[in-house]
Structure formats: C-alpha cells, structure tokens
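What follows is chain A paired twice: with chain B in the first complex and chain C in the second.
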Partner chain A sequence: MLQPVYVLGGGQTKFGELWDFSLADLIRSAVDGAIAATKILPTDIDAVVIGNMLGGETAEQAHLGTFCSSLLPHHPPALRVEAACASGGIAIHTACALLESNRAETVLVIGAEKLTDVAGELVTSALMHAADAEKDGPSGLTFPGIFALTATAYMHKYNLSRDDLSLVSALSHKAAVKNPYAQFRKEIPAASISRSPLVADPLRLLDCSPITDGAAALILSTKHESGVRLAASQIGTEALSLTDRASITSFTSTKTAFANALSEAGWKRNDIDAIELHDCFSIASLIHLEDMGFAPEGEAIQLYKQGDTDIDGACPINTSGGLKACGHPIGATGVKQVLDCFKQLTKQAPNQVQNAKRVLAHNLGGVGATCTIHLLESI
Partner chain B sequence: MLQPVYVLGGGQTKFGELWDFSLADLIRSAVDGAIAATKILPTDIDAVVIGNMLGGETAEQAHLGTFCSSLLPHHPPALRVEAACASGGIAIHTACALLESNRAETVLVIGAEKLTDVAGELVTSALMHAADAEKDGPSGLTFPGIFALTATAYMHKYNLSRDDLSLVSALSHKAAVKNPYAQFRKEIPAASISRSPLVADPLRLLDCSPITDGAAALILSTKHESGVRLAASQIGTEALSLTDRASITSFTSTKTAFANALSEAGWKRNDIDAIELHDCFSIASLIHLEDMGFAPEGEAIQLYKQGDTDIDGACPINTSGGLKACGHPIGATGVKQVLDCFKQLTKQAPNQVQNAKRVLAHNLGGVGATCTIHLLESI
Partner chain C sequence: MDRIPSLHRRTQALSKTPLLRGTILSFTTIHNPPKGFGSDAYTVALIEKEDGTKVMAQMTPESAPPAIGAIVAPRMRKIRTMENGLFINDLKYEVVVPVATPLFTVRTYVLALTGPSGVGKTTISKALLSMFSSVVEQVPMVTTRKLKSAHTEPHIVVSETKFQAMIESGEIVAHSTLTDSGQYSAGYRRKDIDLIWQKKKLPVVTTDIHLLEGLAKSLGRRTILSCGLLPPGTSHRRMLSALLHRLRSREDSELQIAEQIKNAKSHLEALDSHAHLFDHMLVNESVDHCVETIRGIIE
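Coming up: the complex of A and B.
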C-alpha cells in the first residue's frame, strides 16, 4: 500500500429475509452502525463507495453511491461498484485506491443487497447476469447449476464423497450459532446436509448459500489511526465464461489475487491466523483452499476431517458462519467479511480465535471470474 | 493529481439504434479501437474500469468489468462502476485513483450501454432507478417528466421563451452534421424543435436526448506519456431526490465539482477553450452553464443568442453534437465526452476549435445528483 489504510470499525444489519426493511432502510442501518462504532463525525467522511449488484433489478434503485452520500449532511463524492458477488470486496479495493491516491482521507464503504422483495425466480435469473450472457446464459444454467458442474468434475477427479462434502456446510452452521447477525443460527450435522433436498445434482439445499437481505458498512482511513490496518487489497480475474477455462476445478482469479496479496503484505501463507472464505457453495470452499495452497489439489477436505478448519485448528475457516449460515446478500458479503476480520482482530468475534493477528477475507464473483483478497493485521 | 495522468487515445462505436450489435459487440469494438489508436500492447493494460448503468436490466449482463478483462489475453484486475448517466465520468475518476495510487500504470476505461434490445417502456422505467426509489419513484414521474419540472420552474422564474429554449438543441444538431459517430447528423432549425411532439410539457421530443446504443473506450496512463493530460478529475454530489433540494433550477453537484476541478488544475474559468456539456435535456445545458458561472442565473440563453456557444465563439459548447445529437448511451456518454475533448486537443475533432488548449467535460447523473468534471490540457 502506498500509505497505511486503517480500519476504524463498522456495522451491519442482521442478515436474513428482512421483509420489514427496504434496501434504503438496510443501508441507513449499516451506515448508522458504522459511524456509531467508530465515533468519527459523519462530516469526517470524504468519499463513499458502495458495492451492490442488483439494486436496479430487485429494488428499483440504481445510483446508490449518491443515495448513500445523501444520507450524510455534506454530500461527499460517491460511487457504486459492481463485480457480481465480489462487489463488496471490489468496493473496499476502490476505497483503498481513493485513499492511497490522496483523493480521500476517510472513506465510508458499504455493501448492500435487498433480494426478497421480488420472486425467487427473478433473483435466480438476475444472478445469472454474473455469468457470460452470450456464452453461458443460453445454456439455461443457474448458478447452483454452474457450481454443480464444478462439484461433479471435482468429486469425480478427486474421489470426494457426498458425506465428506457435507462437512463444509456443517462447519459454517456450527459457527453461526453464536453470531447474532447470521441468517441461520442452528447447528446442522453433516448427515442432515447429505439428505437435504437436491437442488442441482450433486449439490443439495444445504450446500448452497441462501437468498438474503442485508447491509454492512466499514470506515477506512489514512488520517485516523486504529489498531487494525489493511496489509493488502488485491483483485484477480479470469475468463468470465466457464467455456473459456482450462479447468473448472480451480479458479485462477484466487491464485492471482492471493499471490499478489501475500507479496503486497510481505506475508507467508502460514502467517494467516483465520480466514473468512467465500463458501457460496460447499464445493467452492475446497477449491479456494487449494487455490491458495492451504492444501494440495483434491485434498482440502482433509483440513475439515482433521479439524484444521475448526476454531482451535491450524487454519480456522469462517468463524462468523460464512456465506452458508450468515447468508449471502450479494454486494454486502465482501464488506461483512472484512468487518468479521476486524472483529476477529479486535476480540469482538462471536467465535474468537486465540491470538489472531493476521487474517484474510476471500470474496468471489461469478464462478470465480473475479476474486478479491484482503489481508488485515493488528498493529 | 498526485502524478500526471496522460490520455493516450481512444475509440468509440457509432452511437445509434444498433440492432445488429450486442452489448458485448459494442464493447469489443470500442476496446479494439482504443488499443489500435494508441499503439500500446493489450498486455500493457494493468487495470480495466467500465461505466455502465443498465447491463443487467437491458442486456442480461452484469459483472462487466471482468467481461472486459476477459477480452485481454492476461486478464488484468477489473471493475464496473455506476452513477446513472454519470457512470462514464465516474469510470474515468476511478481510473485516475487507481493510477495515482500506483495500483496501475495504464488503465483501459470503457463506457457502454445497450438499450434498444428491450421495449422503450422498460428503458424508461429502468432509467428512473437513477432517481430516489422511495421519494421520487412512487410519483410516477419519468426522467423527461423530472426535467420538465425543472424547465417549468426555470422558464417561469427567468421568463425564458419556448423558442429561445430551442436554440440549445439546434446548436448540438448543427455540430453533429460533421461527426461520423453521431446518431443524428441533420441540422434542425430551432423553429422545428419548438414544433416537435410534446413529451412532458414544456419539453418536446427535440429537447430530449434519445435512447441510444454505443460504447467508447480510452486509455489513460502514468507510465506512457502523450500530448494530453488530465488536469483535474472531480465528483460532486447532492441529495438524490428532488424533494430534498433547496432549488430545482440549479445543481449543487456541478458547482462543487467545477469549483474543485478549477482548484485542482489551477485554472480560471476563462482558461477553458471548449466544453462538452451534458445536454440530456435542453434546459439542463442552461442550468449547467450558470452553475459553472459562464453566465449569471437566468441568462445562459444569451450565450446561445449571441453566438458565444458557436464553434468560433467565446465558449464553444458541444462541438461533437452533445448528447442531443450524438445520442446518449448512458454509461458511454462520460467516456465519449472525454474522448471528444482529447480529439479537440489533438486536432481530430469534427468541428475544430482554433487553438484549443484547455477543455472541459461535464457529465451528469440523475437530475444533477451526481456530476463529474474532467479538465484536459494539451502539453
């Protein structure tokens, strides 16, 4: 980073099917929470960035940057960014660029999505806009279908069993019991996950992150210091369409973003004490851990089986409950992940990792076409 | 600017009702044109930013940053930004931040929109997502209706006549005759504009910029130099909803962005040799010129009547043909404006202003809720 970017704090709404709240309500609540948590004045904020994918399609609201700026008395410069499910991570990256370029000293970063005011079919169709409209769209695939292709290929290639795959979602559900902001706060044993209704073979309902409303907000600053700083902010991309990939059991975007993030921070992989991982579908978690080198190809499931991913394991994963159990309000997820990393470093996490000093947020867009990696450290 | 940002060049598609081209086709064409115009290698590009408002609603394609990155062999980091009709200007601003922060040395900036593949009513509804969904949406207003409110207020307050208002669109149509990229290349006398069909009283068809497909692309660099640099890039915002404004005949966003841009560049207003102005509706041009102080309140029409806005006048406006005659493919407009400024400074403009050294691009989002100002100078 050209200069240190501090995380001052943040806030979030509960994630869930929030019938009583509009997109505007969710944003207001998260922004109020972030400002209250950090004790800065609203007028200290000199730029606003919001990550949102489907405001137009599901809430009749585009132009969300200026909507958010309108919540502040002095109307600072603002913009909306979008990269499908990585919109939140992209928002943080954009905020870093504004800060590092001296165009702002304190930035309000928001992620928000309101999905449950329209029919589920419309959400499913709109989410497919994250894939290539000309190459993938006409196939009739949905996102569960796309990730089912990766799961089928992965399970065949590496001989992964259905019951082993269920360990991934079980871990997130167990963690979320203690997280008051999570959509589902119930421990679900792996056996129940294996028996849940089939969505897109081999993926079952409890392999899939849900449709969720929610918002999260963070305040980043180069002017005001805190005990937590961003050590790296990186974007990786690869071909938007699965049809243009050499492999569908690995995402180059994660490999690129992670390698560049380690380089930017000057960290080694083993320096990382906890990970918020983009478990949009159970199979995705295994792919991500292998792409980042935490396990050899085809062997990430061993981390789950051996307890390495547990709260007291060598590599704790999704101590918040992840996308699977916290819910996945598309644009909000990447911001909420970094907020959870901040909580982990400031001893406010619902499941506290002992002596966590360096943590990672991994946010994915589409079927791995975009990845953002944020590394945070306590100082 | 933290360091000099050079405009290496750019390309654009023809603007119009381009039935034979998809959003993807338009983007590819503009990107190819920009790379060819600048002679850089595609692999010299280390970040991509696209401004687009309605890819999801009108072309079933979100995640456009990574779509654009997928066009390049090395898949650089990418993102989409949106701020309604100012999406293009916001894209350039974001590219500047990436460059000034040293996160990139050469950035491909794209603006694109494909509107004519869906019914006009759907486009009109989707464009209303640029207004406040809770405060403005339920009124049933469309954007021509919103600007008709400003026109009614302005004409009453300043005693502006219908025939005088028609001079604004007539100027843009006259200029576009020589612009091969313009949607409408026909001179239209003011008297015909005053008699065109009523859209939203007092605005008539020829007061309104059209529904347009198109894309434009620019390459900006801190590493590679050229004869044109950006002297300033600024965003101004104000309350998203008209109901929260002190005035509807002036846009604070323009005032803020313009004042900050002059300050950033170290220019005075009179240094500016030509302006690409966001004439989404005829009335808007008068408001913008007054907000930037080129005329006192209520008197901008005198600039048109006296010929000051002509190609050889004191303050040439929209020598490209503006939004009115070039067309207004939402996200593309702000990028195309800066491309036209670049052409003006490199003697490639369809209507060349003698000795133009310093030019301005003014891009607006919503009913003035967002404004971007870019200042370019030849060096």
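Coming up: the complex of A and C.
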C-alpha cells in the first residue's frame, strides 16, 4: 500500500431471503450499522464506493453510487463498480485507490444485492451475465453449470470422490451455526450433502452457495487510525470464457493476485492465520487453495480430511460460514468477507481463531475471471 | 428477454462456422435451465474442436452418454423457444466415437514378474506396457546407481545413505541387492504403487526373489499377482544353457555373465523352494505367447 489504509469497522444486514426489505432498505441498514460501529461522523466520509452486480436486472435500480451518496447529509462523490461476484472486492480495491492517491481520506465502501424479488429462472439467467454472453450463454449453460464443468474435469483428473467433495460444504455449515448473520445456521453432515438434489451434475444443491439478499458496509481511512490495517489489495484477471482457457481446473487470476498481494505486504504464505475463501461452489474452494499454494494440485481435499481447515487447524477456512452457509448476495460478499476478517482481528468473530494477526480475504468473480485478494493485519 | 438483433448476429456467425468434430473436455447436466430453455434437463459440454478452438455447446438428447475424451460431431437443432413462439436453432453435438472402454478391468493388484536375469522380464513387461498402456504402468525402481537401460526403464537414482534412510522410514516397501552389472541396491516405494492404483491402473514390477518376498510381506501376499518366469528347458541345466545363450547376445562381459549364471542357478532353486510366492509359472518360449497368457491371467 502506498500509505497506511486503516479499517475502522463496518456493519452488515442479516443475509437471507429478505422479502420485507428492498435493495434501498438493505443498503441503508448496512450503512447505518457501519457508521454506528465506527463512531465517526457521517460528514467525515468524503467518498462512497458501492459494489453491486444486478441492481438493474433484479431490483430495477441502477445509478447506485448516487443513491448511496444521497443517504449522507453532505452528498459526497460516489461511484458503483461491478465485477460479478467480485464486485465487493473490487469496491474495496477502488476505495484503496482513492485513499492511496489522496483523492479521499475516509471512504465508505458498500456491497449490496437484492435477488429474491424476481423468479428463480430470471436470477439464473441474470447470474449468467457473469460469463461470456456470446461464447457461454447461448448453449443454455447456467452459472452452477460452469463450475460443474470444472468439477467434472477436476474429479476426472484427480480422482476426487463425491463423498470427499462434501466435506467442503460441511465445514462451512458447521462454522455458520454461531454466526447470527448467516442464512443457514444448521450443521449439515457430509452424507446429506452427497444426497442433496442435483443442480448441475456433479454439483448438488448443497455444493452451491444460495440465492441471497444482503448488504455489508465498511469504512476505510487514511486519516482516522485503528488497530487493523490493509496490508495488500490486489486484482487478478483472466479470460472471461472457459473456452479461452488453457486449464479449467485452476484459475490464473487467483495465482496472480495472491502472489502480488504477498509481495505487496511482504508476507509469506505461512504468515496467514485465517482465510475467508470464496466457496461459491464446493469445488471452487479446493481449486483456490491449490492456486494459492496451500496444497499441491489435486490434493487440497487432504487439508479438509486432516483438519487443517478447522478453527484450530494450521489454516482455518471460512470461520464465518463462507458463502455456502452465510449466503452469497453477489455484490455484498467481498465486503462482508473483509468485515469478517476485521472481526477476526478485533476478537469479535463468531468463531475466534486464537491469536489471529494476519488474515486473508479471497473474492472471485465469474469462474475465476476476476480475483481480488485483501490482506489485513492487526497492529 | 429475447434480443432479436443479437440472435440474428449469432445465426449469421453460425452460417460461417465450419462444421468440425471435436473432443469433450468436460460436461455437465443442467437440471435447472434458465428462462427459454424449457424445463427438461440437458447436457452441456466444453468441446475442443479439431482446429484447436473450444466451444460450449449442448449435446443432442439422443446422443450416447458423454465422457471426457469422447469424439463428438455437430448437428443443427432447436435449442430454445422465444417468447413469441418462434424456435431458435443452434449447433448441438453428439457422441460419434465413445471413449474406448479398457480391454479389461483391473482390481487392485500388483503384477510381479520374477525370474533370473536374461529370462525376459523386461521384454515381457515392455510388451505388456506397449499393448495395454491404458491399463498397466511400470512402477519406477529406486536404485543406488544409474541403470544401463535408463532410457527404457523408469527409475530414480538415490545415494546409498538416502536409500538406507528410505528403508528405515518405511518409504521403500521392498528392497534387494542386485548384481546384474556390479552390486547395487534397488527397491520400490509404496507411494509410486499407490499413485498407479489411484489412476485405476495395474502396477507392474519386475523383481528378484527378495524383492518379491518384500512386496508380499509389506503389501500382503494376496495383493500380488505373481508370475514366475522360467527359461525354456526341461532341466535346470538346460534352462541355464538357454539363459547363457540370451546373456551372450546382450554383449555383457564374460565376467558379468559368469556372475549372472551363478545367481540364476540359485534363483531357479528359489523358484522351487518359494513356490508359495507364485501364482503362475510361465516358460518364456515366445514373448507373444507369454504376454497372451499374462493377459488371460489379469482378466
């Protein structure tokens, strides 16, 4: 980072099917929460960035930057950014750019999504906008279908079994029991996951993160200090369509962003005490852990089997419950992950990792076409 | 919402697309179709076409089941219905060459070929490997010296101290001192065998009697499909003479040959005294015949 960027704190709505709340209600509630938690004055905020993917398609609301700015008494400059499921991560990255370049000293970052106002098949179509509209969409492929293609190839290549794959979702569901903001607060054994209905073979319902409404907000500042700062903020990208990739069982975007983030922070991989991982689909978690070098190719499942991913393991993953159990309101996820990292470092986490000093938030857009990595440390 | 200009552009592009066959790289069955694609499940595959480009496409409903590696050919079919009731056509694919099913299926065995040097272990294992490369794989040997046949036999060279350490750590499951060209240690690692099993293939090892004993002890005797190889001949003397004949044609030095014949003698005796370690005894009169017999045994 060009200059220290502090995380002052944040707030979020409960994640879930929130029929009583509009997109505007969700944003308002998260912003109120963030301002209350950080005890700064609303007028201290001198820029607003919101990450959102489908405001127009599912909530009939575009122009979200100005919408958010209107919630504040002094109407600061505001913008909306979008990178599919990585919209939240990219919003934080944009805020960092404003802060590091001295365009702003205190930035309100919001992630929000409202999906349940429209029918399921419309959401399914809209989520496909994250893929290549000319190369992937016309075949009738769905977003779970895209990850199912990576799963078929991965399971074929590395001989991963169905029952082993279920361990990934089981871990997230176990963690979410203690998280009051999570959509599903119920432990689900791996055996039930293996028996859930097929969505896109081989992925089953409980391999997939759900359709969720929710919002999260964070306040970042170079002027006001706190006990937590961002050590790195990086983006990686690669070909949008799977048809243009050399490999579909690994994402270059994660590799690039993670390597650049480690070098920006001056950390080693072993320094990381906990990870908020983009487990949009069970198979994705395994691929991410391999791409970041926590396991050799094809062997990430061993981390789950050996308990390394547990709260007291070598590399605790998704102590919040991840996307799988917390829910995945597309644009909100990346912001909520960093908020969970902040809670982990300030001992407010629902599942506290002992002595967590350095944590990682990994946010993905599309089938790995965009990846943002944020590293946070307590000081 | 149906976007007519975009559909028009796609139709135009399709009319210029050469109709090429391709290979399935991955596939999935969509159980929750998006709007316009009906409510029945269908399969979408990622296909690498003959010209190296890749395409995402539906499989025809009547196609044989897809599999990674199957060859597919394009067909123009109805893919969805617009809101106004008009049909949209697009390229779908169907399997024209399914993935070759293996010649035979293999249980978790290790195929061990045991016999004196010169009897033809390497020749037979090579013939097996070339004929059934999709189902059998040679286990690399860990040795303390570079093998003469390094280019054909997979092996890993380590120092004598490392080798001893690997024995102590249990990494090496069977070892022996070989003398076919000076003394050296050789063994097999559990990890290499596991790796081949994971690929659902049959690991093949060539062993002497000590290696075979070691394997039987560490992996379990019943895990080993053990074939003893004998040179042709009705008596030990005639067998040794047949071996001598073969060793001479290998251009080994006389000293080495004498040493190997000495070993072969004790080896032939061991084949008798360790009969419990063998499932089958094969006389290597012709390689083809031997390979055919082993194939029969594996099946």
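Heads up, the rule we're going with is that the second predicted complex is superposed on the first by the 379 of 379 C-alpha atoms of A that agree within 3 Å, B and C clash if a C-alpha of one lies under 4 Å from a C-alpha of the other, contacts with A are read in each partner's own complex, and residues count from 1 in each chain.
Methods note: a residue touches a chain if its C-beta (ideal position, glycine included) is under 8 Å from a C-beta of that chain, and two chains touch if they have at least 3 such contacts.
Note that the coordinates shown come from a computational prediction; the quantities given were computed from them, not determined experimentally.
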Who does A:134 touch here: chain B (first), chain C (second), both, or neither?
both
Name the contact category of A:142: first (chain B only), second (chain C only), both, or neither.
second
Just chain B (first), just chain C (second), both, or neither: which does A:120 touch?
second
Which of the two partners, first being chain B and second being chain C, lies in contact with A:200: first, second, both, or neither?
second
Would you sort A:241 into first (chain B), second (chain C), both or neither based on which partner it touches?
both
So in the superposed three-chain picture, is A:111 touching just chain B, just chain C, both, or none of them (first/second/both/neither)?
neither
Could you say whether A:316 touches chain B, chain C, both of them, or neither, answering first, second, both or neither?
neither
May I ask you to decide whether A:100 touches chain B, chain C, both, or neither, giving the answer as first, second, both or neither?
first
Should A:84 be classified as contacting the first partner (chain B), the second (chain C), both, or neither?
first
Dominant toucher of chain A (residue count), chain B or chain C:
B
Could you pull out which residues of chain A sit against chain B in one structure and against chain C in the other?
128, 134, 241, 244
Looking at the complex, which residues from chain A come into contact with chain C?
120-122, 124-125, 128, 134-136, 138-142, 144-145, 148-153, 156, 159, 197-203, 241-244, 248
Chain B - residues contacting chain A, complex
2, 22-24, 53-57, 59-67, 69-70, 75-84, 90, 93-94, 96-103, 126, 128-134, 137, 234-241, 244, 252-253, 256, 365-366, 369-370
Can you list the residues on chain C that touch chain A in the complex?
10, 25-37, 42, 44, 46, 53-58, 68, 79-80, 90, 198-200
